[in-house]
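Chains: A, B, C, D and E, in written order; residue numbering restarts at 1 for each.
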Amino acid sequence: MLSVEDIHTFYGESHALQGVSLEIGEGEVVCLLGRNGAGKSTTLKSIVGLTPPARGRVRFEQREIQRMATYRISRLGIALVPEDRRIFAGLTVKENLEVADQAGRGAGKRWTIEGVLEAYPMLAELRDQDGATLSGGQQQMLAIVRALMTEPRLLLMDEPNEGLAPVIVQQIGELLDELAQTTTILFSDQSVPFALKHATRAYILEKGQVAWSGSTREMRDDPSIQERYLSVA
Amino acid sequence: MESFAASLLNSLDIALLLFVIAVGLNIVFGVLNVINFAHGALYMLGAYFTFTIVNIWGLPYWPSLIIAPLAVAAVAIVIERVMLRYVYDRHITDSLLLTFALLLIIDDLVLMIWGPGIQVVEPPALLKGTFTVFGGRYPVYGLFVIFMGLVMVWGLWALFTKTRAGRIMRAASIDRDMAQTVGINVPMVLTGVFAFGAWIAAIGGVVAAPMRAIGPAMGDKIIIESFIVVVIGGLGSFPGTFLGAIVLGLIHGFGGRYLPDISLVLPYLGMALVLLLRPQGLMGGRGSA
Amino acid sequence: MKGSIPLVVMAAVLLALATLPYYVPYFYIFVATEVLIMGLLAGSYNLIFGYTGMLSFGHAAFFGFGAYITAMLLMHFEVPLLWAMIASMAGALVLAAIIGFFCVRLDEVYFAMLTLAFGMMVFAVALQWRSLTNGSDGISGFPLPEFGLGIDLTLADPMVYYYMVLVIVVLASAVLYLITRSPFGLMLKAISENPERVAFCGVNERRHRLIAFIIAGTFAGLSGALFAPFNRVANPDMVHWTQSAEPVLMTILGGAGYFMGPYFGAAVFVLLETWITSYTDQWMLFLGIVLALMVLFFRRGLLGTVLDRVMGR
Amino acid sequence: MRTPSIRSRIVRSAFAIAAAAGLAAGTAQAQEGEPVRLGAIYIMSGTASVYGQFAEQGLELAIEEINDAGGILGRPVEYELQDSQLKADVAIQAARKLVYQDGVHALMGIDSSGVAAGLVPTIPELNRSLIITHAATPDVTGKLCNRNTFRISVNINQNMKGAAMVAAETDAKRWTTIGPDYAFGHQSWEFFGNYLKEIDSSVELMDQTAFPRFGNEDFTPFINSVMDSDPDGVLISLWGGDLVNFVRQANNLGFFDKGFEVMMTVGAATEVLSALGKDMPEGVWLSTRYWFGAHDNPMNERFVEAYASKYGNPPSYNAEGAYAAVYAYKAAMEKAGSTDADKVIDALSGLTVMTPMGEVTFREGDHQATVGPTWGRTAGMNEKYGIRNLDPARTFDGRDVTPSVAETGCKM
Amino acid sequence: MTQPILAVQNLSKMFGGVHAVNNVSLDVQFRETVALIGPNGAGKTTFYNMISGRMKPTSGTIAFQGRDITGMPPHQISRLGISRSFQINNIFTELTARQNVEVALTALHGQAVSMFRLASRNRPIQEEAEQVLARLGLDDLAHQRAGVLSYGDKRLLEIAIVLATRPTLVLLDEPTAGMTPEETRHVTRLVRKLADSGDYTFVVTEHDMSVVFDLADRILVMHRGQRLAEGTPEEIRNNPEVRQAYLGEEEEEEAQA
């Protein structure tokens, strides 16, 4: 479904991605692991064109998208839930959703505002509240649901758990599992257990390169992988 | 004393006209991060188009309220597409300089097309005449200006809060990248916002045409006034623009009368005080576009 | 040596200016005088804009204030011009200290707007305090007395005035140049790029910005003091925001941050205006088009673009 | 090492062009058949550019007529026009350019007082004559006067002396003013008051005056405050677009129905009258420095007709000023027998010349022409031009309204 | 125990109701190198910002060499001898490498308002700047415009500016972020050398654990704004809580399964 081939991305003058390649098949849930600054965010941003790669190719359903404008990539069916959530401050919860609502752009409508508000009553209660005043967990929910409004077939989530309390993390995990039924997902995280639980495959990034990739089962069975790349060891 | 009420009403019509002009400037600044020096020139174009429609084509006034702003918006689209969009990513001085150049160009083109004479557009029959408030006379047209201003306040408020287009504009002003990420065609939104700002300025021009003498460079004066309004109210703040316009309207409505010796200083003094005590403006802060 | 290019250029320009009256038509002595005065104004502006990164819209306040002080001193006290100029600089310094004290508290657009507000307040005072400033007519018809220090100059002779302006502008510019090359100037450049980092190096950057603002204002005052006797008038136009816009245009046109940029910009601007107005009434149209093209295609200003090519940057 | 060459090339080519133009004109001293060149400085851009247009039309017409009749001293006449931008320093530099670069033999023009006050002191060093055709500040033929500067148009003293004479004949005793908040507005009021007091010491000049800023656009607060103060008479020195705005707003507020005398010092300017049409109320006193219908002489008849047929409207005072100035030069140059500036200046001083306003004389003491304003009451519409008629119209003889040289403060 | 050079007590910082840093205390001894680690959002940068004066703490005190510096502006703190580097490059790209260092030196020598001499003739400062550059192996690049340096060299220049202020306490914020492995080794060696010279006390944040374990005498682990653990590298390496914080804490039992 998505293939990222040897992309190099510069962040200002820092060589953030130094030849990253990924493959994601339809229906998969894949996790990107790695420490801070390893290039997880940049990889996701490069896929949606926010930090377009200087070299390499990104293909989505056989179309090359590495030079496409972000909004067109979004309309092709890739949505990003960014790291810091980037809720439109000053817009209410409902308005945040409406901005992303692709109604009228034809093609099977899975998510409607009424529908999601019904499905996620927590957001329904907050519908008229300024998005900036929500708690971290609420913002994260909103950011995910907002991404859904664009009718994605591939959902990218950048550290959906960052800074959230365990009980919220669990909720996010449940949501992720639920979405995985219908949507292909690539998410990044620093938490290994979370990745192991929700993803089938993982890539570990280190210094802008893929240091390891394989199934989460392999990773679980071989704790040394975690120790080597991710722990304090 | 009887004219106090009339002065108050008068301050209000000055204020609402200022609001209509300044709000376009502020929207363009809020979304595009461009200080548009040519905004007053677009207002002037609105007035001149009205003059052409009413005095030269002989049409009634009302259609100009539709035609002239659309024509100015079309001009704005051309400006945005061929010039302005190339400087968004640069330092703010570049767009400042570019729109200053635009001001010179439009001013001179207007002089070439319409000549230097003073032009007057008659108000429509419906809006002629005066009525009495507390013993003072007040023109019906002033009420129309107030009405139009309030329609714009309401309309823009409704647009920003009730419609998807308004939310998209606000979203684009808050976070362009994120707006793109949720599928919004941001370059088109930017063109649209600039044209929209011009459209509003032109409405100001159409409304002003029957009450202000139309002449070359009539937009140059209004631009600094608009800066004052926007700064007092708050850069990027919609309700702030309204408040700023009211404040400046009152300064004009009463300052010249009660403090004639420092009447010219007052608006700038107000502006400086606001900047020093509350740089984000009276209503500034994050939030509505 | 690449490093010596600016020196060679400056020497060549100085030589050209010193011999100018011998090879240009008489009128161009006036043009050159204006270029020099405006160049000093823009050059002083460059200290705060190009070097320190502060976009001021009120620089004409100091220019005009300097012009008024000189005009009034010549009118009422017939003091030697040199003392009038020194008084203008002192006056502009005080005004810049007062205005700057408030303005350096703000950054970016807010700073720009506050300088605009203060500049226009000075304009309003010049226009409305008629008993002092003679209002819109300004102060004109003052005599051009001796230069001072016993130096015998026929200041009314445009050629003499040109040479006097040349010497003063060159001296003042040399001081400005020295400042930009001094440790203080280095700090300013650093502040324009990254004020916070400078603070973390132990520098009170707000105080530095204020000092730069005052120096720039002082030299703008000097430029005003030269302008008033050149045109025999000081009037509110010289304080208006449109006058403030000129050094901004000139500096960006020539290349902000390059020492010679604003001088070059002033020359281009004044010459453009002189030529375009000779050939067409539509000078605003053409000036507008030229400006727009320059903004679109010469991002670093004329001099900056040329230097970039030469230096291969 | 390319920088210096590039820059000096630009500079050199610039000066080459300039030099070619300059030398051609500069050395043209009184050669047979060489054109006589007039340099004019008017406002050609921005809000007030209509005045520049009128002036240019008057100038053009006069030069056409003169050239058709064989020129001056057998030489054709040309003119070079520069935009003053309503800024003194621009006008000064323009004058220098006209003289040194374009080689004009004489200067004329100047619309605003501020520009005139700045420019006039620099004229002697240019060694040319300057005839001011519009700016009305008393100073340029008063304390700023000099040998080179003349004025053919009506100044504030002359206009206000006339105004005072008109005002004194009305019943109004309490007077106030609405004028632009710059020298012109304040001086108009001051001179009007002084002259009126001289004639009738019983009049009251009110403290409550209104000086809206120039280009104010909204005069309602000022109109209201003047109406509140309940005067008998109001002197209005607003002009141009401001006056148009004022009259329309004053109409709305019933200002003209209050029964007090209204005098507009530049109300009978054609651009104002044609913009306002019927909106200019009947029964108010308007003045102009020249009224096309007020002068009964062949030259005026010819001028008005030629102008109206060429440009479609009656000549404004500014057109007349420029037109008359060209004829004044013609007379002076013919008298001097040369275009030599010194001789022309000598010839102009004390010269009596025929203009559409009749015979006027540049006084030797201050170089002000003895011209007088026309004050008239607005009456019915002139259907041909769509403007108000003035009836009765009273044209003052310049000798009656021009203050003595001693009073002007001019020292030649 | 001697008086600590830096004594942070009960430091807290709230952002709109959220504790970015919650009641953290830390004593740093002279000549010690302390590493500050923690997963994303642990509050390390906020902690730095408060020590260096960029932010005012909500509560708590910071003392440097026994002197209370809580809430002082950055330039004063810098003058006392605390200097910091930044996570992202924060150098002056339009100046040459040497001028970058000269900025700091000029301030240090009280010449920041000196106007009537040429900076380019300022031999003592230039020589000192060259020495500083040489210590970091940048001497060959002294006359290059900083903007054109390689990323790694820019990070070194960042450190050079810090050293030029002659600090006693150096706060390094992710000195090897974005560097290639080779550059990382180079920087680590350099910092090691500087630490061994005995002139400096270091506090370092870093995500690269090899760097941390190479450099640190002592490690403070922060998590969710709080102090999670403190100890020698060995202690930290074997601390189960720390491992859990780093690998994630959700449903521990499953992760072990």
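Basically, a contact is a pair of C-beta atoms (placed from the backbone, for glycine too) under 8 Å apart; a residue touches a chain by one contact, two chains touch by 3 or more.
The shown structure was predicted, so the numbers you read here are calculated from the model rather than taken from an experiment.
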Chains touching both chain A and chain C: B, E
Minimum number of chain-to-chain contact steps, chain C to chain E: 1
Contact-graph separation of chain B and chain C, given in steps at minimum: 1
Rounded Å distance between chain A and chain B, as computed from the means of their C-alpha atoms: 42
Between chain E and chain B, distance of the C-alpha-averaged centres to the nearest whole Å: 50
Euclidean distance of C-alpha centroids - chain B vs chain D, Å: 35
Distance between chain centroids, defined by C-alpha means - chain D, chain E (Å): 73
Residues of chain B touching at least two other chains: 107-108, 111, 263-264
Overlap residues in chain E, where contacts from two or more other chains coincide: none
Sites on chain C at which at least two other chains make contact: 127-128, 283-284
Interchain pairs in contact, sorted by label: A-B, A-E, B-C, B-D, C-D, C-E
Chain C to chain D touching residues, read off their complex: 5, 8-9, 12-13, 16, 23-28, 30-31, 34, 127-128, 130, 134-138, 140-142, 156, 158, 227, 231-233, 235-238, 264, 267, 271, 274-275, 277-278, 281, 283-284, 306-307, 309-310
Residues of chain A that touch chain B when the two form their complex: 48-50, 69-71, 74-75, 79-80, 82, 86, 88-91, 95-96, 98-102, 130, 132, 146-147, 149-150
Chain E contact footprint on chain A (complex, rising order): 11-16, 18, 35-38, 136, 159, 161-163, 166, 169-170, 173, 189-197, 207-208, 220, 226, 230-233
In the complex with chain A, residue positions of chain B that touch it: 161, 164, 167-168, 170-171, 174-175, 177-187, 286-289
Touch list for chain B against partner chain D, complex: 1-3, 6-7, 10-11, 14, 107-108, 111, 115-120, 129-130, 136-139, 141-142, 211-213, 215-218, 220-221, 252-254, 256-257, 260, 263-264
